[in-house]
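What follows is a group of structures, each given as structure tokens.
The same chain A turns up in both complexes below, where it pairs with chain B and then with chain C.
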Partner chain A sequence: MPQQPIQAPFPGVFYRRPAPDQPPFVEPGQRVEADTVIGLIEVMKQFCELRAEATGTLITFEVEDETVVEAGQAIATLEGE
Partner chain B sequence: MIRRLLIVNRGEIALRIVRAARELGIRSIVAHSEADADSLAARQADAAICIGPPQAAKSYLNPEAILHAARTCEADALHPGYGFLSENAAFARAVADAGLVFVGPDAAIIERMGDKAMARQTAIDAGVPVVPGSPGAVSDPARALALAEDIGFPLLIKAAAGGGGRGIRVVENAGTFDAQLRAAQAEARAAFGDDRVYLERFIARARHIEVQVLGDGRRAVHLFERECSLQRRRQKIFEECPSPALDEPTREALCHSAVALTEHVGYFGAGTLEYLFDETSGEFFFIEMNTRIQVEHPITEAVTGIDLVREMLRLAGGEPLRFTQSDIQRRGWAVEMRINAEDPERDFFPSPGVVQRLAWPSGPGVRVDSGLYEGYRMPPFYDSLVAKLIVWDDSRDAALARAARALDELVLEGFATTAGLHRRLLDTPQLRSAEVDTGFLERWLSSRPATTPAKEAVR
Partner chain C sequence: MTIDVIKPGLATSVQDLGRTGYYHLGIPPSGGMDQRSLRAANLLLGNPEGAAVLECALMGPELRFDERRCVAACGAEMVPKVDGQPQPLNEVFEVPAGATLGFDFVRAGARLYLAVEGGFDVAEKLASRSTYALGGLGGVEGRPLKAGDRLATLPAVTPPRPGRRLPEALLPRFAKHYRLRVVPGIYDHRLEAASRERFYAETWAVASEADRIGYRLKGGSSLSFLEREPPFGAGDDPSNIVDACYPIGSIQVPSGSEPIILHRDAVSGGGYAMIGTVISADMDWVGQIQPHQQVRFEAVDLEQALAARREYRDTLEALRRMP
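On to the complex of A and B.
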């Protein structure tokens, strides 16, 4: 199966949870659809949803929750179908 | 007398405070996050000290890190700027407890004016008008209708548990009040599990007008008003001083009420009282007080000739207020255009980037407050305000013409900004004739045809 990165479209802070007291959007190993939200990126006080963009299995997150990411940086790896 | 000032902020306002301190012979130390080590404010200050990682919660909002930095650099005063911890009463108290001067009012006043219900009651006690409404929740239909007729129609029925524009119904007249009340209660119960609703006057065409004040704890003066009706999602984008909507008697009554409230609480430092102005009835209503310096303070400085940040530092250093009301005169007209790193063509999405080319406008009557420089890489962690273009001239028409001239001189490349939006706004008949209210900008944005792609592509 082809593996592809899910990239940050712009720089910011990556969050795996919708709010600090809530569970992560997805866990590694979970099946996702193209429109599945896998996290949030905060840029200049605005939050933007990051979606899987393809159907498959999210194998691993490449960055920790609440870390600073650059534009184009791989956030997670997806195994397509 | 302040000797060593710790400035706990970033961007243009940190630089603004560095400049005021320098002019008063005060040593400035900028407290910055790791992401702001190469900021213009940090470079221009006498010293800079890092207070933590880029995320504001770990630096600019971290009292322990800030107070540790204050001890390390032996600061005797702290200026919080705007935003971040500037209106946090617990922080103001912690600063004072650490033996430093907090440049602003003391914690008790921040607490009192920062709580909306308490501020409203304080205003009523000081004889300042507030938006007419029911004193608490209403339930009995007959009593509610009697209250509604006192408040006047149209009015709003608001869910006590609502917020952010949810759970609000507009009632046009007494005839439909009863049915609307029942519907609002049912909706509130379904949406929030709480059917309490209250009533408030509906102001169809409200203008946002605010009064700048200075106080020394014993007496206060006003520095006239600013109008900030051009807003998007409650964020101000274009401001002017004075307001084009007020006649002299209304202006005098408005500013007088602001001084009365300021003196009523024994206010200390620079503050701003925000009002809604109902253009239809000519009434003004106090809504809240900001107990700090505001983004748009330079237009007041332009029109009154008084440096507000220097006055804040003088007052905090123990000097009494240096002006009587009659010393403060207005001259001419000033406007401020907020240049945000946001793309108006993409629903104002943030547009961080590197400053590739930069040439500020200059010439008569032009002031730029900004932390940008060529090669500057904007961190993505903070507010999108990157520059304020402030223009003064002897009349409103002249100031608007000069604003257009200044925008045409601006060269700022590397990311999308709101500069082009301001240039188009200046051409609208509504702005030119000052026929605006707080809903104008959003109505104009949604009705405006898309900009031609060819023109945008060469940005």
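On to the complex of A and C.
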């Protein structure tokens, strides 16, 4: 199956959880749809949802929760169907 | 002629050179944060230098053109794409009728300026088309673009020349570390001497709360203000002053913790001591710094600031004379 990165659309801070006291949006190994939210990226007081953009299995996160990411950086790896 | 906004990007707004003359009434100048790139995009196309453009912060929009139009994109490096095909930055190119203009990830810089031949046509408010989102003034309904907006353009003044390109010497050079020149004052005497020195010696990182209103900086040591009896009308915090006017570019440090550089959508006054002002020649660069990139401040005197302004004006003059 082809593997593809889920990339950060802009620079900011990546969050795996909707709020600090809530569970992560998805766990590695989980099946995702194109519109599945896998995390948030925050910049300029705005939180934007990061979506899988394809159907498949999210194999791994390439960055830790709450880290600074650059535009285009791979956030997670997806195995497509 | 209409341009449909399919995706708005992160914070895309209509901007021109700004709304000057109302700051004393609390209405900030607004306008493109990187004025040089805004002017360059218009001049390339043969537009009036201050025609309204789209300022696209950190992530570009997706726009569908119903008629053929020439455009130019200057500033941050986000490669434009017409129906997926890469197009040059800093060069006039055509968007065919029915085509979609999008942008790649930002590779350097923070704000791209997209000019279209003739300029974007929104109603002028107080003699400017610039969007001041905090005050709901100008641009499209006083706000950044949303999906579903329809933008109109004005007729071209001079026919654009596809392929016309900014000369190499006039291209901006982006970095990940910036040096910003600052004229100290007018309240830096309120800082302890050691804090004043540290402010210029340390490296600061732009916080993620960096927008058109102000750029907040983190990562340096907290600054200590001298203890004093608050004068009548000033707050109790040592960083407070009796309310005063804030110049664009002035640096305030609420409670001494995180410096904020005010930019073109800033409030016009308040009660925080300004410890310096970024010189006008460097304000365009402030608007091109991405959150989490690094900044150092360099103290300069007024003469150096004026010399830098002359140099900046020479650059604008060179843009006006480009072939």
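Simple rule for what comes next: the second predicted complex is superposed on the first by the 81 of 81 C-alpha atoms of A that agree within 3 Å, B and C clash if a C-alpha of one lies under 4 Å from a C-alpha of the other, contacts with A are read in each partner's own complex, and residues count from 1 in each chain.
Assume a residue touches a chain if its C-beta (ideal position, glycine included) is under 8 Å from a C-beta of that chain, and two chains touch if they have at least 3 such contacts.
Just so it is clear, the model here is predicted, and its values are computed rather than measured.
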Side-by-side fit of chain B and chain C on chain A, or clash: clash
Partner chain(s) touched by A:54 [first = chain B, second = chain C, both, neither]: neither
Partner contacting more residues of chain A (chain B vs chain C): C
Partner chain in contact with A:63 - chain B first, chain C second, else both or neither: neither
Which superposed partner A:13 touches (first chain B, second chain C, both, neither): both
Touching partner for A:72 - first (chain B), second (chain C), both, neither: second
Of the stretches 150-158, 168-176, 204-212 or 366-374 belonging to chain B, the one that collides with chain C: 366-374
Residues of chain A that lie at the interface with chain B and also at the interface with chain C: 10-13, 42-46, 48, 68
Contact footprint of chain A on chain B as seen in their complex: 54-55, 341-342, 349-350, 352, 380-384
Footprint of chain B on chain A - complex, ascending: 10-13, 42-46, 48, 66, 68
Interfacial residue positions of chain A with respect to chain C in the complex: 7-13, 42-46, 48, 68, 71-72
In the complex, chain C residues that touch chain A: 10-11, 57-59, 105-107, 208-211, 290-292
